[in-house]
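The data blocks that follow each hold one structure.
Shared between the two complexes below is subunit A, which pairs with subunit B and subunit C, respectively.
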Partner chain A sequence: MVRRVMLLGFAAFAFAAQAVGADLPPAPISHAAMVQAAIAQYIVPHIDALKAAAKPLPGAVANVCKSGSAEAEKALEDHFAKVVIAYAGVDFLRFGPMLENGRREQISFWPDPRGFVARQLRLLLLSKDEAIAQPGAMAKQSAAIQGLPALEALMHDKDVPLGPADAAHYRCVVAEAIAVNIVRLTSEVANEWEKPDGWADKMLHPGPDNDTYKSESEAAVEVVKALIVGLSLTGDLQVKPHVDPKIRLTPPYEKSGLQQAFYEESITSLHQLYETLQLESWLPPDRFWMKDWVSGTWRTLESSDGAGGRSPHAKREDAPTPREVFDRANGLRNMVANRLSVSAKLTVGFNELDGD
Partner chain B sequence: MSSMVIDRRSMLLGTLAFVGGAGFGPRFAVADDSVAYVTAARLADGSFGILLLSGEGAILREVPLSARGHDIAIHQPSGRVVVFARRPGAFAVSFELDKKTVPHVFTPGEGRHYFGHGSFSVDGRLLYASENDIATGMGVIGVYDVARSFKKIGEHSTFGMGPHEIMLLADGKTIAAGNGGLDTTPDAGRENLNVDSMQPSLTFVDAESGKLLAKHEMTGDLKSLSLRHVTQDAKGVVWFGGQWEGSPSQTPPQIVGSAGLDRPLRLLEPQGKGGDDLKGYIGAMAVSNDGRFIAASAPKAGHVLYVDTETATVVGRSNLKDVCGLAPEGQRDFAASSGFGVIRYETAQARTLSEHALQDIAFDNHLRRVG
Partner chain C sequence: MSKKAFAIACAMQFAASVGAGSAFAAPPATKDIMKNYGDLAEAMYSDALTKAKDLDKAIDAFLAAPNTETLAAARDAWKASRVPYMQTEGFRFGNKIVDDWEGDVNSWPLDEGLIDYVDKASYGDTKEENPLYTANIIANKKIRLGPKILDATKIDKTVIGKLNSALDVETNVGTGYHAIEFLLWGQDLHGTGPGAGERPASDYDLKNCTHENCDRRRDYLKAASGLLVDDLTEMVGDWKPDGAARKALAGEDENMQLSTILTGLGSLSYGELAGERMKLGVLLHDPEEEHDCFSDNTHNSHYYDQVGMMEIWNGKYDGVTPVSGASIAELAREKAPEAAKRVDDAMAVTLEKIKAIKVKADSGEMAYDQMLAAGNDVGNKMILDAVDALVAQARAIEAVVAALNLKVKIEGSDSLDDPAKVAKAK
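Moving on, here comes the complex of A and B:
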């Protein structure tokens, strides 16, 4: 917590320093300030929110398994939804602590077009190996069954619901082990971001001796790439299946009815990160039209529920079609990658993004 | 041939590719034997296409595409060219360098997509393409009859998952396949589905029978090194470049190495900062025309690494932002292209010979020399 306050203070100082001379046109945000703002205002708060949301999960699972009551089930569903929504805000931070040991896949193994979650979970349930409850045992399992989708599958299995019945005993052992594992994973991610000499420090102190970031620009590019990745993931995995009927991909957390909430949080979070980065501060006056286009695009993305419907928070009166949402998400991705980042003197390479 | 899966409907219609009619005519109508390089690119208006370039880096022709291309196979004697879609695309475009014929689009058939790479047989009658058996995730070498409008006539296994570059070796009989080990499906876009259990390998496959001749698996500390690109030196040794999928806290191994049919896999000895300096990603490989030097591009790091194959040591390392495409030039020099529209000629000792830049053009991952 102290660390987080320090980070916020650091960012506030950077912005105050930039604001000196308020009558002058605002100076573009520096790459260092961009990274500071991203960490203090976006990354750390969202990582902390995920950790906090996950904390009550084991207790909520235990309550369901002990009582089987409707109230306990409702409480578990609410806690689960909070974790999923919090995760949507960090899903695209695919670098640093989230990549370590495959944590991202372990927390949220999605997309799962081959049905790995169901297959691996079935194998584990057949084994009835109680050793899964031992500390660290779940972490040795397939990534597919270590996190939220596997817990969701157990929560929504109507044939053998979680509860005090004998038939559900081993399922409860597994569900509690998964919940504890999610707490471990989200705590590790937060700790590795925020500890002294952790990933935040690594990004805030680039240089020749830094094994990952040699310059402030490299650290800023990392965050801009996360924004680009997030727009790609949202467009390609959440929206495109509603555009192309040939794509067979179950939406995220559909069993819990959270697919639209996941989309909305993805977009809200990406918009928040976009604003935090202040890329538009680098635009010359002859490119101010981009601001209007970007603003209109966010309005469109935020007016959709990601599946052809209208968001409850829509600022548009109509529901944007999935095609429009997909095209806008793609366009925004290209705008950030090819225009705004170039204006901001950040080189997000065409090939380096590719990974092929 | 091992097996054949053909769906006529998908052969005819199942492609997302088009070759722009209006744009194609006037721009392609110029027959020009000065074409030196072929590359896929993002064009100034944001669309994608194939560029035929002069030795000075000037655009001689454009062939528009509706989606991003990747690598190019060229049969030098006939001047036939095939450009493959970027993964997980399902189209390939064939055309001839010196004719005014309309490009021909073909597809890998139902249940397959391209991984972006391929190779002609020595006589140019067959085309081999790296493909995904989408249902199983296993790698496939598609075999196409060039004379029959690239009709697919068979398939071999790559004996691994997620193949990327395949290459017909100089013996004309053996295909080397870099199996990335990563399971992907088009439904999940470009997401890797099995990073925790990936099994990368370099395999050698008999081009005619499809028989596995040798397999080098990446195990232990190397199990997260996804093999992607290959080239072959004058002595027949295959050099590969990989992509590190391990944890950020792990020091990546060297991601460039070599192996052969009867030669064990060897990574380059660390030269100073080693693989980490390449930011874990080799985007393309090439060999000099005399076969002595190989080049490996690292777009994330913005470096080209040059290796003397006689000594297996790094002899040069150049800097170019977002560099990726590589092709031989002269006997021992190279051309390198970047996502920022730069083509640079340099020696294997990383000395720049000349450099050209095209405004608002982003050269894609691969650059191929004509002639």
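Moving on, here comes the complex of A and C:
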């Protein structure tokens, strides 16, 4: 009897506590949990998705070069688009395995305001050096011709299209070498993240002996910085050229018509990372207004196609202007950098976008 | 407690306090750190100005008697002028007044075909991104800048100043160290092989002129070196005790003043030096991407960037007018010794890595543009090791920012500073 009363009493207490707890804001996520969530829920799945998307690329290039058929071309375009879109979800993870050895630039050398891809690819094609097909030879070339933009240039050259014609022979050699290289790079990135004692372990076990992250906060700053870098890249490189006509910058993967898909995936991915980090859990009640502003901002960014049009997945009925989208992206970046990270007791420092 | 026990206790406490040493030393006051920071800037820019005046005189001597010897002397003066200037680069990025000015002095990279003749076979005729890619103002008295015509009948400081960022293209650079470098050396046509630019002295010889337009080339070189002196004179003035740069800093709150110092060092370490100037070049294996690409002086430019960052961190400069005083390093060592030591260690490693590049280049064994060549695994690694060290240095500086409860300012929309001004979400 006594035991039953005690159990009932405990259950009632627990229920009451839960009911009260339901009205309370969630406890702030710890810095360690923030890093763990970012790796498990965002980084590793997206890196794996990129690796998986890249895998069929060499076969698709080989098919076009062998048959030149419209079906093979369409298949290559589809595979290429999947890789580009998967890449948009990791473009802003500019640390660790992506930073090492310049893998990020080698996979996707964009932006390219000084025209390196076209110039260096032209020189390579003029050389007709078949040694480029040797294993590892492409990896020693300039980053500008190792990855997706160079492959895109070869895929969309109307003068000499990829195919079985003699004129396209060397282009096919180069295209296949690039495709194989992209598979290598994306596999390396995944392996470096996920292997025992890889980058994930490094971030999850900070401390005095860790050569990169001395504390859980430093590891958390890294993922918050990735979010800030992503918002900067999207706003400044993808949207701003539509606001300021003086900026001459070719949109990402425009030759393939993927610039809008790239923007939409960038925003969707950034939003997903933002939710994963749970920065808002640190906000005191007098700052809850920020949640509404952030929510409205994501709605605006997700309603745009990045170029003044309306996204097919728009949550607003109108199409936000590029100016509004740019201001919102910029504002959100500042909100994360100057307010939310401060509330979360994180000091955001330097990144590769600093400098001129 | 007995008197004896009390005396022993007091003695132990005294001994403990002495043993603790700096634990009881007062950290330097922000006003003292900032005064010394301003004094450093004034001394360093003053030395850069002195060397720029020496360069101007050497150019006068060269133009008076254009020959191999006077050209070599002018080139040596240019290299000497880079030593103090590169040490000042840590004042960039944090100080707006320096950033607004720097573009006229050290803009890089540049499309040199805007200024003078180029080798069309390697350089090309056109570049989609830059309509002025081969405008060659030395050969052309009028060039079109969009809807306007720039009258360059007479080449002077005003005319060449208008070339900077013309048509909103950043690689249009008409003034500063690199424009002068191109005029003294010409293009380096050796690619990633040994050798720098080989412009002949006769390009400036009115009696035996090579490549035509020697009179206009002379005017350009003199205008550019004179303008460099003018610009550095302005910056020295800005760092005088009542100068605009010091006033601007004094107008900030104390935390922002200190943050300015660390923002400059961190941004130069990572995004600028490690990224734009070093990593990009080695990833592209492109000799055009080395900082001092005409003269092959890049190893020195990078080395003195690092030397300058360490001077600013430590508040100590052994220039013509030595400066030493309160520093951000001293503050960090008192308040956050572990974080300070991390920066000290990181800076030492970076210096070692960049010095290895300098020693290798100075020895004549391998110039910087050879190091970044495709397939040069040894050279590539030397550069990438320095890049990694600079990134680690930025990370260490970031830890000091956190430990001192400072903040790296991220520029952007002001509307978020006031919730009432935030646009209502649709």
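The rule is simple: the second predicted complex is superposed on the first by the 323 of 356 C-alpha atoms of A that agree within 3 Å, B and C clash if a C-alpha of one lies under 4 Å from a C-alpha of the other, contacts with A are read in each partner's own complex, and residues count from 1 in each chain.
Operating definition for what follows: a contact is a pair of C-beta atoms (placed from the backbone, for glycine too) under 8 Å apart; a residue touches a chain by one contact, two chains touch by 3 or more.
Predicted model, so just to flag it, every value in this text is computed and none were measured.
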| item | value |
| --- | --- |
| Overlay on subunit A: subunit C relative to subunit B, clash or fit | clash |
| First, second, both or neither for A:27, with subunit B first and subunit C second | neither |
| First (subunit B), second (subunit C), both or neither touched by A:111 | first |
| Superposed model, subunit A: greater residue contact from subunit B or subunit C | C |
| First, second, both or neither for A:102, with subunit B first and subunit C second | both |
| First (subunit B), second (subunit C), both or neither touched by A:334 | both |
| Subunit B versus subunit C as contact partner of A:142, first or second or both or neither | both |
| Which superposed partner A:217 touches (first subunit B, second subunit C, both, neither) | second |
| Partner chain(s) touched by A:351 [first = subunit B, second = subunit C, both, neither] | both |
| Which superposed partner A:297 touches (first subunit B, second subunit C, both, neither) | second |
| Contacts of A:289 with subunit B and subunit C, given as first, second, both or neither | second |
| Colliding stretch - subunit C into subunit B, listed as 21-29, 147-155, 183-191 or 201-209 | 21-29 |
| Footprint overlap on subunit A, comparing subunit B with subunit C | 99, 101-102, 105, 113-114, 116, 142-143, 212, 247-248, 334, 338, 347, 349-352, 354-356 |
| Subunit A contact footprint on subunit B (complex, rising order) | 42, 46, 70, 86-87, 116, 137, 164, 183, 185-191, 193-197, 228, 243, 247-249, 276, 281, 283, 299-300, 302, 321-324, 338-340, 362-365 |
| Subunit C residues touching subunit A - in the complex, by the definition given at the top | 93, 109, 124, 127-129, 168-169, 171, 266-276, 279-280, 282-286, 342, 374-375, 384, 391-392, 394-395, 397-399, 401-402, 405-408, 410, 412-413, 415-416, 419, 422-426 |
| Residue ranges of subunit A touching subunit B (in the complex, touch as defined) | 95-97, 99-102, 105, 111-114, 116, 142-143, 211-212, 232-233, 236-237, 240-241, 247-249, 334, 338, 347, 349-352, 354-356 |
| Subunit A residues within the subunit C interface of the complex | 99, 101-102, 105-106, 113-116, 119-120, 140-144, 212, 214, 217-218, 221, 228, 246-248, 289, 292-293, 295-297, 299-300, 316, 318, 327, 330-331, 333-335, 337-339, 342, 347-356 |
